[in-house]
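Chain IDs A, B, C, D and E follow the sequence of writing; residue 1 opens each chain.
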Amino acid sequence: MSRLSFVVLALVLAVAGATAAAPWLKTPVLLALANGLSVAGVIVLIRAGQVSFGHAMFACLAGYTVAFTARAWHLDALLLIALGTLLATVAGALIGVFMVRYRGIFFGMLNLAFSMVLFSVLGKFGGVTGGTDGLRFDRPTFGFVAMEREGFETALLGLALLLALAAGWAVQRYFASANGQALAAIKTNETRLEYLGISAKRVFWGGYLLSAALCGLGGSLFALTQGLVTPEMGYWVRSGEVVFIAILGGSAHPLGAFIGAFVFEFVKLYAASLLTGAWQMALGLVLIVMVFVAPTGIFGLVSKRLLPAAGAKA
Amino acid sequence: MNAPKGLLSTRGLSLKFGGVIAADAIDFDLMPGERLAVVGQNGAGKTTFINICTGYLKADGGQVFFDGADVTGQSPRAITRLGVGRSFQLPQVFTEHTVRECLLLAASAVHRRPGGLWRPLAQAVNADEVDATLELLQLMPRAHDLSGALPEGQRKLLDVAMALVLRPKLMIMDEPTSGVSSDEKHDLMAVVMKALDERQVTSIFVEHDIDIVRRYATRLAAWIAGRIAADGKPDEVLRDPVVIKNVIGE
Amino acid sequence: QDKPAELKVGITTFTSGAASVFGVPGKAAAELLIDEINAKGGIGGVKVVPTFIDEGIGGDKMLSEYRRLVQEQGVKVMLSAISSGNCNIVAPVAEDLKVLNVMWDCGTEKILENKRFKYVVRTQANATTEMVATVLYLLKMKPEFKTVAVVNQDYAWGRDSWEIFINTLKALKPDVKVVAEMFPKLGASDFSTEISRLQALKPDVVLNTSWGGDLDTFVRQAAQRGLLKSGTQFVLPLAESSFERLGDALPEGVIVGARGDHYWLHPETQNDPAHKDFIAKFKAKTGAYPIYPTYHMAQALVGLKTGYEAAIKANGGKWPSPEQVAEAMRKMKFKAYGREVTMREDGQGLEAQLLGVTKRTPKYPFAVMDKMVIVPAELVTTPVGQQSPNWVKSINPAVLKVLTSDQLKTHDFK
Amino acid sequence: MLTLEDVSATIAGIPVLRGIRATLPRGATVAVVGRNGAGKTTLLRTIMGFMPGHGGRILLDGQDLASVPARDRARLGIGYAPEDRVMFPSFTVEENLRFPCEVIGMGRKAVDERLAETLTIVPELQPMLARSGAALSGGQGKMAALGRAVMAGERLVLLDEPFQGLAPVLAQQYSASLHRLHQVRPELCVVITESNRSLLKDIPTETLVLERGALVHDEARAAAIH
Amino acid sequence: MDANLIVLALMDGVSYAALLFLVALGLTLIFGVMRILNIAHGSLYAWGGYFAATLGLGIAQFALPAWLALPALFAAALVIGGLLGTVLEFALLRRILDKDPILQLLVTFAAFMVLEDLQRLIWGVQPVFVSTVVEQLGTLEVVGVTYTRYQLLVLPVVAVAAFLGLRWFLGGTALGRQVTAVTHHREVATAMGVNTNRVTWLTIAIGGALGALGGALASPTTSFTPGIGADMMVLSFAVVATAGLGQIGGAALAALMIGLARSFAVYLLPEAEVLMPYLIMVGVLLLRPEGLFSTTAARRI
């Protein structure tokens, strides 16, 4: 077993143990895992040197899909997650067709524009979408078993851990693949990519699709954890937060996404209760220090030990 | 109009940049198997001609044919897929990939194994081809360096290698040897030309070094102010007084 | 159950973000009142220890923190929340975790109408009560008008309050015409276009239920351009919370409200010693006069205390479980700094509504309320088991009789 | 006179220049030749002050450049033409040429005179003056970069691979320009890096051979390399 | 919509665009030189407004001459732009020039978070507002609607002056040309003798002052509350993207388009008001992927 997978396993066990010992941890841990999935999605785009200021829209779309279908048909949680992710993926595929033409700030801002349209529409058509208060839905069955909150959360947590592992593996695999490498090449030289006969747009579309799907998965989990979706889920601040976490955790590896999401969740939680009124400042300072001390994020700090063989590139 | 016979042909290619005529109604045919050297004044439009033929620039008028098909206005990607490889005057490499990864990526565009795009890059393509090319262009010692850290000359070699690995039918090289140090230059050309010959690749190379032109070209075209001023056997063109006056000098 | 060493109370409030205009005074009031309660021996002899959570960190983070307090710190009583959105989040969680949740400031009526909760109560009125009372007061002060326009913040409160307002108004006065509905975004910094449009339309009545910086900006910009004195009747149901900040920008004659039956110049209670003492202490602590969220906090704490005491009594003197307190809180009456509040079986408090018209006085450098009316809650609250949207549409115009009755008599500023 | 004393530099922890010692007298035209990656560009960038933390000393007419920040080296009369030319695209060629003189605070008339002088040295620039800096082809850019370096360089001109990509006629013209430069400013020291020694012909009065960051003094070996 | 209403919408749109333009101008200037999208620019807007209000209060409190109110707005902008700009430049921006653009963006985002909280610590959470200037200048009737002179005259005039001034500075002065040169290539500009550090510092101070000026000029009509900077920042981002990066003329046009679209929307389709900036941006970028105007990029191949 490689050192990396050993560490991952240890982390998973630690999380499982901690939540068993302190049940309140389930909420922040679930939220961190949900965020981590979205962050993993955003990391895919960062590979191509692009940041989206609007990717929370896919989490939001998935969340609303979960809420709508849960209210209308009382589907099972597993099905809801699948549906939410599917819808986000389809949306990503469609919006992606449009987005692949843009780079840099134009890409970032167009995503923001789309997300803001979604955000306002959700807020304005209160009759259908519940307006800014959002949509609440009852706890669905999980695997067709009806459960109390504790049981449901435990099950959801288990599922979230599995999904995070699977997503992390898939993203890593994608990065290593020819497609993933071509995606990374978009960052440095699209002209050359075209002159190799590779369509930068198509490659980027694939990356966009993957990132939308991961954000959708994260959003579905988030919605199920809260039992409530609000337009806030798709607000640009959320999108910014996700990028923030990606840098904090390190964008070179999906593990960084999850590390970042956990650190962010808990730093924010404790900063908010210890430094009431100054938690933003605390987070900001942490980020500035990170950029100077560890520009490759937390994962970058530890990666040399985790991946001795992969060398400088990881 | 019937497609011309050449592997690469143009008819009436014209392009102006503001007041500058970069291509002036160029008619041109390249036959399979030729090794065409292009010399010319700086700013005569050599790069522009290549840019139009490979789809990077849209001409104001005229047509481009490759291998019997009209490719006017097609994208660089489409034209590359038809079998045109190109290297650049300013090397175009993936600066955050290692030299080897750059070549693997290039290879993945053509020599992919079944289902390859989802497999790790190193396994998705035929690595022998890549390693052979690395050897050929003497880049092996640098295989694991980031290509962004290469000095200009080696970046140039990598740029050529990336086109070569595509196994094109036509290889267009824009000043492959400028910036490559003199003692390596001839070796480089010898190696590249040998590789092209072995694979029966037709080639165009822009070159300012007359020695190299003499040694490797089977045909020579001289560009002056957006047109082809002379075209033919290298020694004939090199004796052309207009070319001597405007391009080669005494 | 044994008496605990201390009664831990978790309080969610905004200490960051735009809504901290409410959250910070609310928090100050909580600190003040809890000190006071503790000085007098606490609740049932147990000291109250508050822990504050910032709602400004976002609903999801607040929820984590909420659960940490409950599941890690063993907190059994939560006062949450200011934002209706956050109330939506915490209510079902409180139900699942079996902790008492007093919704101390949020107004959405839907939460208690759509679902029956066991552990969730609200110690003040809801949006329906507030808006229906506003309509009655408007009709009392200005019976004759034909056109209304609205400029509300574009979020749940802005939208919902307008819905309730206009549906009530249409039920009572079917001939009114809505000439413009404008919902600038929450936190908008410029209303010049809205103001130009209002000046061009000249509606008889303009409703604006905004608060905080949005309301201030709107009033300032409107005042600068003379709109507030143009003959249009402005109705600003939350303006009481902006009086001091707005200073002389707010002219006389604007209908204003305070989201409940409380005001530091309350015609009936301004001279109560307890109230005077609270005002003085609050002013000393914060430099400002109390505004409605401080009173809502007071109601929540007094309500909690009353509930606990009732539950202890019912429990034979033993310390009650949250369930028992929640139960007791549904059957009690309590009085903070306004008239008595009656709690209903659905957990909703029946709180009267105080409205007035602005007046300038040399005594203060800002507007005060005049011609105040206290609308009884029973008159303007959706009955248990009914839904507000249907109920307001069914309000019978016969209710207008009360406008002239003694029940709605006006109190002048003294 | 430019003196290099034990100049060394590292990039990303790898030594790129090692103990370079050389004296380049006034009026000399010095060629720095070497293979790709030998460190020629790095040497020029070090002289320009872009390699902070390099080792050794660089003296211009006895003045230690360590105390002169990169931006003030133009004021000392050092002109520089980078390998990749870099004309400012939103300026015309003429504005590009005038720019370094303007920056170091020369009066308008002095700049006019300097420009006239430069055009006598590099007459090929005359027809390009009004064109945008963005449009020049590779070779045209080299000429313009030479002109710009000459505008500022009264004492020292550093040219990084100027012949790369020049058509033979232009290369001859370039050489002619260098000759004229030497005539117009006999005291000027010119440093030219080149990976193609043959292109230099008889221009250099002196040749330094760089190999993997170090100077090769052994003439025989140096000759063997080229 | 009759002619009168069109006039009204035009006037509201222009004065709103004027403010937006000032802020976006600062942002685009800094982007032009540093290639960094300075998210902290939103804070400069907020700080400018808050500080202007503080000065306004000071004038009232110390019974200083009332005519100082208008100059105080500009003074506030200069002080905040200079001060914060300097701190940002020295403490952060100049240290991240060689970093990945995404990291650069994040650093300015972090600076924004810090400044937001500092601002709350300094000025508190209560809305702040000082409007003496507006009252001094009085009002004006246009087709039966009252406007403040401040809004109708002062704002557009300042915006036009800033536009012309900046154009002249960049195109017509030696220092301005240095700024442009740094925009294109720092190292080569340095080699030409440009003190790039000073140039970037200057640019950031000017850009910051423009952002702060936007805030200062908004302060007499707008309540400043926590979070006000973020909104302005997103809007000015939209302007910059619509305009094309580093495009001053483009920024003017884009701000005008957004301002007018917004005010017409209030009359015709109020619900679409908030969406207008985004719809315009999407529309423009659909037709012109690099924005209304795009820069002359150096040839790459």
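Please note the rule applied: a contact is a pair of C-beta atoms (placed from the backbone, for glycine too) under 8 Å apart; a residue touches a chain by one contact, two chains touch by 3 or more.
Please read these numbers as outputs of a predicted model, since none were measured by experiment.
Following contacts chain by chain, what is the lowest number of steps it takes to reach subunit E starting at subunit C?
1
Return the chains common to the contact lists of subunit D and subunit E.
Shared contacts of subunit D and subunit E: B.
What is the minimum number of touch steps required to go from subunit C to subunit D?
Step count on the best path from subunit C to subunit D: 2.
Just grab the chain with the largest centre-to-centre distance to subunit A, centres being mean Cα coordinates.
So the chain farthest away from subunit A turns out to be D.
Which chain's mean C-alpha position is the greatest distance from subunit B's?
Farthest from subunit B by mean C-alpha position: C.
Just how far, in Å, is the C-alpha centre of subunit E from the one of subunit B?
48
Between subunit B and subunit D, what distance separates the C-alpha centroids? Give it in angstrom.
From the centre of subunit B to the centre of subunit D is 30 Å.
What whole-number Å value describes the gap between the mean CA coordinates of subunit A and subunit C?
Computed from C-alpha means, the inter-chain centre distance equals 37 Å.
I'd like the Å distance between the centres of subunit B and subunit C, where a centre is the mean of that chain's Cα atoms.
That pair's centroid distance is 75 Å.
Residues of subunit C touching 2+ other chains?
15-16, 154, 183, 185
Identify all positions of subunit B at which a residue touches two or more other chains, and write them in rising order.
Within subunit B, residues 47, 56, 89-90, 92 contact more than one other chain.
Got the subunit A residues that touch at least 2 other chains?
120, 124, 191, 277, 279-280 - these are the residues of subunit A that touch more than one other chain.
Hey, which chains are touching each other here?
Applying the touch criterion to every chain pair yields A-B, A-C, A-E, B-D, B-E, C-E, D-E.
Quick check on the complex: what are the subunit C residues that touch subunit A?
It comes out as residues 15-16, 51-54, 57-61, 63-65, 67-68, 70-72, 84-85, 88-89, 92-93, 96-97, 108, 110, 154-156, 159-160, 183, 185-186.
Can you name the residues of subunit B that touch subunit E in the complex?
Touch list, subunit B to subunit E: 47, 51, 56, 88-90, 92.
How about subunit B: which of its residues touch subunit A in the complex?
Within the complex, subunit B contacts subunit A at residues 54, 56, 75-77, 80-81, 85-86, 92-98, 101, 104-106, 108-110, 112, 116-121, 124-125, 148, 162-163, 166.
Which of the residues in subunit A end up touching subunit E in this complex?
46, 49, 51, 101-102, 104-106, 109-110, 112-114, 116-117, 120, 124, 191, 236-237, 240, 243-244, 247, 251, 277-281, 283-285, 287-288, 291-292, 295
Taking the touch rule as given, give the residues of subunit E at its contact with subunit D in the complex, in rising order.
174, 177-178, 180-181, 184-185, 187-188, 190-196, 295-299
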